[in-house]
């Protein structure tokens, strides 16, 4: 499956007007092995991308175009930075042409179709493609991603919760009570996207903190499905998302009760070993406390493990940039793996601080 | 025209779902001489106001209603916190019933109808009422406001620029060159209102600074019309508005060339004397530099006068809370005057700092 | 103990240069039954208060003075808005003169002296006064507060956690497991005070989210001591504070496991009944989600009760303005009660939104 | 003067604990032609840089060291990201060893020693080195920079004002009145550095806007000296800096009166032509309005030219990231030129938006 050396991957982006779209453009426009061939938006057909996103002036000369004119079947891979439901409508045709797909929406995240349809209020139009698709969390599914034709790129919250809890429950580990997990998560406002909505106006979201989706959030079943796959059985997780007055960044505070027989575990060592070879997961030294700005605009996800008073409650603190490791950076990481490129190609930016 | 003692003014608000609406409710719900009788919004008919604005829980028990059900003609005064064009459509009927009007939109700000129609893209439907209306900047028009039936409440930018420049040009003063005035103004985001728009999303407006409306802004002709009235002749003003990543607050940096014959003027003394009796205009001591948070949520407007190196350029720095003195507080100040109440009734809040 | 009608309480403030100090000044300068007689700061002796806090221009004419010149023993009550350790050094003298004390620092919060000395790294200099002092959380200790000479004003975090959990554990209630309580708390930056420190610079704290004090925070033993008093036995609480890039506001997400025998409890009704008569505790309707801005600059604390899927985990969401109900407003509430005034005198401000 | 191909420049940084220091590290750690050999801080000797700046974890393995241990004379170039006065104390020794110097403080910005000493309150210890030093604004001094041994890296404000006004006055151009120039400038808070000061605390600077330094700012004489060099004569400039509640970004609104004989000038074309070959100056299309986020974390400076109503006032809007083109990026740009490297080596990052 490795990509031919010396040539560049032809990449198309469908629906590039949102924040995951502009972030893909930022990353891909400087990727050493990528040739951006098309970016589509029916509504903005003809508009130079840099007119909408002035940070791209001088870096991206493409204009938005329609899917038809884009001739996406000539691409090696197409990213969907679209509303839910768009990727599955075009998947068949692209796959038939040998074009691979990385969907940043939810079409290929949930393997359980009933769950998908309940949470996303639409029928799933290609169950067969869903069945072959891969959940694109490289650190859990590296082998499958490398061989995938279709990637469901994980949601932002699931990325933090899954990587934060995986070492505790995967491969038969019985270190914590899997029925009383709690994920108290906090997200920057860009996670809500670039839609014009009152609730994410500056004057509404600034100098304010709130919870939302406590009664139910689409990322909850996504997390649960993957956790159960890891744990090999039912998992009980309480998930409470909150909105933080910052543009980028996600912080998940995870609580897990240590099982009596696992009280002697060296959790710090466990995490360090688990992620020792991962380029984008940084287990911080014992006693550390992460802050979101330390990963702003980078693809790094940081984990700190805390166990107050050496008691029976483990606290795992996980941070990422929701638009990078939580979305577009992870999508590029998937692409790299799918095309036999170095996993960190185009993803080695240092985070912006301050 | 004084209001009968011991009774409360019956007040209605049309279109209270925006920021000037909620700010009116905050101020009027604690005003000692006001009885809030109705607040209208066709779209939100039946919704308790406090459900939309949780800060009002326990303070305002009204629900939104329709204009028809509101029976506004029974009010002593009606505030219009509506889009432009709404007040003029209802003015005739209200006035006929003896109800006074304070319009926070632009229907009664510009006396020149052609100018109004050019900038607001609509015909003016009641030129006669416009002719009798008063520009509600109390510090410049106290007498007229006290006797007014219809008030055009000033725009936020005009309030700062007019009060900042008035002492230099009013009453025949020839202290500065009136053809080269510059107003470099900066506004918090709430000035753009509560409309769902991409440009004022948190993720767009936060951690960002920009100019806008440089080629033309509706407040420009409003300022010019009033300045020319004060100066008794043509005035040349350059007006550059900017957007600041803060919710409330406006800061205007005004530049005026001192005329050669006025170089000996004590401008600090001039301003102090001019506003000595004003409850809501605070001329700061010489050498001061104002900051917007010092007036956050209060009706005070602060002015500092600077003249670097005692040269020929006078710099006047003016701050206000755009939603209070720049909008709803000023409207209440107008109401107080119209009904013979103490001018600062219900407006004596201390600003919130930090 | 009621204060003589028609006269005003003479109030002094020690150490008014911090945020709790300016907030006391904002509230007390408009309190109908208070006469501010002195505010002390050795360092700023002679400086008009309004020069440091320009929001007070026109509202407070006092200048800072030294404790000696302030003649605090003539006050009816003295607020200490000082570093820890100051109030206890002056308490004896003031009490002897009949002056009551409300300490906003920690000198009279912890009844257990060993705990105090471990966490605050100083000996307690007046154990006898500590023994007679009252923990000033009115909603839990109304009777004692009314009769107190010395109040330890609660910390900001404890206020939210205690009022959020009290209905579940007080008076012998056995509704939740008291050994596995979790408080995931988020505070605005003003909670860190006005000290010049790198970690709370704008460029460090803005657009950022972090946890801190996970290994131990001074408010933890304070919360635990009070919880154990309520529960009548040992309590196990995990407390994780986080820093939110907003000036004011505190949001506590509390997690409690419902005991099997309490699964049928109507928790919404429980909370509504518990706080039905409280002026400053607002239990929101079922299904509500609070946001901190709804209490900005007001003394209201809001609670929402959530129980996802009607399961065994109760989530209690609590918000307050950390400088008002979490500090200075609560102190004034205590004063009102101590002097027989209406509990909400001077505390009826509507929150500022947006 | 070109650097030997295939080898890397050895770079030292003195005083890397401030924001310009961490920004240098971000840029230099990914520079293809640089080997970072030492970063000094007496106070933090031994501390790994990444412990202070967690964004550098995994990218910079250096620890802070003392100047003595750093052996800076072995470097090809040393950056001083220090307080004023440090670079001039070490310059002699470094130059003697053949090490070049780029000072990000003010030691080599002002050619007039009396002016330096008046504004920076210290004697200048090496007037001869100052005399040979070059003002490192590449777009104005490319030739001199390429041959320089000592660079005074421009202040942030001067960079925007000088590049914004240069086309109007350089090379004998007489397009505007040079006696009435106005620069109304707005800066993000990181421009104040990482010192622990009350005025730049989050709780002070957030949700606030203010002017400062109106009576005099150190960048004023720096701008004037360079403007006069360009114009070949006296220049009168009013400079008003303001503080914006954002971390990074600078926005300068420049006002210039067009001379009667220059009224027919096509200013848009003038600017486009002047900067056509500059990699880091982007003249936006006519009618554009820049926003600071479009250059966040990039070395691009953007200019928009506005002339309202085709009148006699020219408005030039200039933006940059104050820490990149306004400081560390510009310093790297200077280094590139001094060592014969491509001017944009290590500086081609796309700005971060949102």
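Lettered A, B, C and D in written order, each chain numbered from 1.
As a working rule, contacts are C-beta pairs under 8 Å (C-beta built on N, C-alpha and C of every residue); 3 or more make two chains touch, one makes a residue touch a chain.
In this text the structure is predicted, and so the values were computed from the model without any measurement.
Averaging Cα atoms per chain gives one point for each, and the point farthest from that of chain B is the centre of A.
Although chain B and chain C carry the same sequence, what matters here is overlap: shared residue numbers make up over half of all numbers found at their interface. Averaged Cα coordinates give chain C a centre that lies 46 Å from the centre of chain D.
Per-chain Cα centroids separate chain A from chain D by 37 Å. Mean C-alpha positions place chain A and chain C at a centre distance of 40 Å.
In chain A, the positions touching at least two other chains are 19, 188, 190, 194, 203-204, 206-207, 245-248, 290-291, 293, 296, 354. Every residue of chain D that touches chain C in the complex is listed here, in rising order: 19, 188-190, 192, 194-198, 200-207, 245-247. Considering their complex, residues 19, 22, 26, 29-30, 53-59, 190, 194, 206-207, 247-248, 282, 284, 290-291, 293-298, 300, 302, 323, 348-354 of chain D touch chain A. Those residues of chain A that touch chain C in the complex are listed here as 180, 182, 184, 186, 188, 203-204, 206-212, 214-216, 238, 240, 242, 244-249, 251, 253, 255, 257, 287, 289-293, 296, 306, 308, 311, 313, 315, 317, 354.
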